[in-house]
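Letters A, B, C and D name the chains as they come in the text, with residue numbers starting at 1 for each one.
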């Protein structure tokens, strides 16, 4: 009874409005009504990526969008430079290798982002592309993409910059054009507040011009970009998820992207205060690199993070993210992104606090209280979706 | 962004499952599929009222079901005995008077339930019916119906017993047959987790036999009971809300009514601990009479409860119940009934705590924390709707 | 498999858009968002009734709205003049008698509307109100309300005019103000394309001023009209059905009421041509009085209309209306109102044609074909909800 | 107003039940509830393909599933033998070529299926795979897969057999195991009655063992099959579409696949009778090869099929399939698959008949009538979803 708390770092809690939009009857994907929908969507999407270029939409998971970024731009045997920031950067590298690319990996400790200072050192002349994960979903660490870009510029190197924004898109500030990114990889089920099933590539002019020779068909940008000009797709698009996408984009516009980012920043800071209040450690080790969409929490030695998660699911009906790869059993991850507000965060942190305690993890009192104190002090928690009692000010 | 917290004492948070059931296409109310639906519903409803008798279903609000209870059983000029327990008992008395009945009201202070000790004293021989509100939605006070029944029995008086369970039905233990109630009045939008639009009368054999002479047509039980035997209604029933009712009854059965009641008891106790933790006063003044579906909280002198509510709606997107009638501005009411769980309660209490503080109401720290401590200690918060990690035990 | 054809004359096929609107989360009926919704609805409703006065909204069936019309305006023992036009006019008269009114009934043959020529003759000076059913749902016959009004005016009689528009509202031209109607009775589940559960009274100034002395509480206009001024209701309104009402009113405005009426007129004429093409008889015996929302069809002597209906339900998954009262077994009724278009009508008539044939009713070939020929010739069948191929003209 | 008729050969009319299932809240794709869902789905899917092997599920369009079939089984430079049966067989060949395969195409006239008699002649020893489209969506022609299989067997050739069932799966008899197919390609938005967004590969043991060397990652069966054993996927699955898939599979099981196929056969035959009744020509030129899910209709010389389609969309709100590739302007396609019944077909054919006439295409009268006559005579049109009037027999 009561609502499930889906606090993994994606898929996120899909708004009812979006679910209802998705439940509209499917229409002819070659008809005029669809063309209007697609035209509208392709325009609106640009805002989210902060680009004036083209956004390619795939019926796929985010993993598919990863593959699309590689097979459109690179040729067999091309060298790519990647940064090990966690589980997902590792998976992307493995994919690149499987597709026949040579992958140079800058090793990492899974507690820091890609280090801009190491770019110059690893950037051999034959590097065709640099792959960076903007927000490592497995660790809650953000990479400073803008500084990576600056390092490439300083080196005067023409490598393409490919960036994964799977768990930051629509939740954290991101600027495809301004930061000189060539391909941005995104998907539907995180900050865009949709179910899984759509992958995105935002593509720079340079990337569109720079076609690689890896075999491709489904992922090929060219026929898609060409068909999109008329409002169509070269194969059947995921119509009902696109209905939801439109609704979600409207919601983000209604709130305003800056407000969306500020909301995520605020909830992330509150979460970190809770973690520290419990006497636990946030995985991210650099203050400049905290993710605003999720927080990975280390459990003390001898306490299995997955046991905590299971207890919380069983007792409090909340899903938290598991530790992935080398972090298995050592961290759990709290997703605080997407369709989320202060009281949902209060419920989430209360559940973590009760669960840690029930699982026997030694914590200090007052973590959740510290988060609430921060929320109270740090601006308003939203503008009251169904309320309109304008002008009420806090009296503290 | 994020979900609204609808924490008034009804309408309550309608489960998605129920909303989806309501969204099914409307069918022919005279066809065989409808007859099967109605037959099933009329049977399932008996469990909720704890009766083997008939439950009459109206397209109406709960107010309509109040009227039905009166016009079916009473005649112009009949005397009824009522207990002033709050705003709703008062409204029901006003309705009775408007319909031409003579109403004897046992006065009350809106902090206690109907006093069984006063029954005998007020029970003149010509009293045709006794009206009691089981759970006063305006005060969060429960009346001890079973003891009222015992007092009537001791007096050997044949008056009908009419009981309003608007905000207790499906949330708190209630026994139409065992407690010898003649007409139980209920509605859809509280513990039954439905939108408003359905009213109920559970009717004893005695009440069915005792037809009054007040004019009636729409509310008349007889044609309804007769048509129900074939699975039909004498006028068009609210088909889509009935779809939702079926789903809600299935959900209550899946959890088990005893577990439902225990869940409400537990959340009510946690809420009271929060209130006391803040140093505030619960309106209900008798430990035996606390409601398990809502808690009314007194704000300190000089602090307008409605200003607190408005701030909480504006800043935290949560709706709380207003003070009604003579309690306007003096109390706010927290609904913790229906489709509700531990983390929703944690979010609710956190929002109240932050809101009180922001509104400048002097509170002590630790209210919400006290509630969580109670929740942790007092059994499990549910069986994890989407989880199944059986066997996990709390390690405290 | 495939969609059910719900071709009874109400409840009608509820549009998906309306069902999704109804599935929105329930909100606080005392909060600011609700007040905005209610304010908007109460304004929009006026257009449907063609009135500048007040429309009262009940959580009820249409039967409840009948009762409301009577108990608000009349006093015990008042005389009312009614016209027997079919099953529903008869039921309304029985209700009036049950409520203590004296009912003068002008007898009818169930194949004609209320005869304006007979008004003067039956209008004794003590008649307090005249009751007319605008569109007899049991017969498919329309009464000429405007001419009844004229007859009252010619007689210089001040009786109130109470009109039932249950199955015409939102489907057929109706003018509360212009025709001098005092109370118009309507409901949700016919031309308004909603599920059942809402009743309406549109009320003239004269009716509001003329309060009767029948006992009333739930149905009393006064507290409702007073509370409506602030956007609220004196008891819990059927929030989710109101969401649907808003959507349905928007849909009617999008199409335009004149276009809605023309669509219904056109489908009704096509249906009659099909009936005549089969060699069967339409129940309505006066060309001026055909209903545009439903058509009642007489089956030949010896052929049970209900057997035809059962076969059609079983074999073609279509619900048709049964013969009511004295018409049981002699007619079936085809509803062609609400959310309906040319191809749905073609499917409907095809099903009737196949069903009649399969049931052994002797029919001529070509009924459905005659209807289609009329549809082809008589203007466009709509503007192509999801299409926009403007400028395509028929080439016949 | 009224429902759109979506009579393209896919996406098809998605049942309300499926749309509501899709609108359920997204859950954790790594949690126990998801694992149960996936386990159930993967089992149920086998029935639809008639296989005891593995069915691989992709977040993709059907085009993606085409690519998966090729990249899993073949190596660069491999020779494949394909049959030109229409637009989609041609697109699949183009894809194969783009991926680096050598494609031998047996030419065709787009009015016949793949000719089993030509297999032996074209089957050079180095052919690695034979590609056949079971049901050409662009032409409405079915290929006799079983006879292709027999020809391969007679030749004693070990080539893999890859079959596209995009528009036949769940609508027409198909037997992955019995017919010795190695990879069957399917998708969600046709006979499975879902929105687009899921692709399928049913995979034989032989195909699983025979891994090609084309680069692959997203489409790679191995990690998917491995993860599926625990109820999971190697990347985020399209959770909400999977909810819909479960509901759709339950619906197919409720009706029974044999009944589903018989329903489609019957509607296809009725459609052909309508076409011939109008004096028009069905594109499929071999009586053994008619599709049961769609019918392509040739318009007479000088009459643009797309003009007819636009008129029908504009005037009757029905979408029909366009002529693709070399058939552009020469045919329109009527989809009669998926969630469909007799009266929907009657509406569909009526709309085509009225549209042809309005567009000035010379047709004979009586096409739709001939279809209805066939429907009446050829068994029941279904078992009356909401009816239960058992035992009614047709009386013709």
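Definition applied: contacts are C-beta pairs under 8 Å (C-beta built on N, C-alpha and C of every residue); 3 or more make two chains touch, one makes a residue touch a chain.
Keep in mind the model is a prediction, meaning the values are calculated, not measured.
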Between the pairs A-D and B-D, the one where more C-beta pairs touch: A-D
- prompt: What is the chain whose Cα centre is as far as it gets from that of subunit A?
  reply: C
Query: subunit A to subunit D: how many Å between their CA centres?
result: 35
Query: Quick one: subunit C and subunit D, Cα centre-to-centre, how many Å?
result: 43
Query: Using CA atom averages as chain centres, what separation in Å is found between subunit B and subunit D?
result: 53
- line: Listed in rising order, subunit D residues that touch 2 or more other chains are 3-4, 13, 16, 20, 23-25, 27-28, 31-32, 313, 319, 386-389
Query: Given the complex with subunit A, which residues does subunit B contribute to the contact?
result: 1-5, 13, 16, 251, 255, 260, 263, 307, 310-311, 313-319, 339-344, 346-348, 350-351, 353-354, 357-360, 365-366, 368-369, 372, 375-376, 380-390, 392, 394-396
Subunit D partner contacts - residues on subunit B that touch it in the complex: 16, 20, 23-25, 27-28, 31-33, 36, 386-389
Parts of subunit D lying in touch with subunit A, wherever the complex brings them together: 3-4, 6, 8, 10-14, 19-20, 22-32, 59-64, 67, 76, 95, 98-100, 187, 189, 195-197, 214-218, 220, 234-241, 313, 319, 322
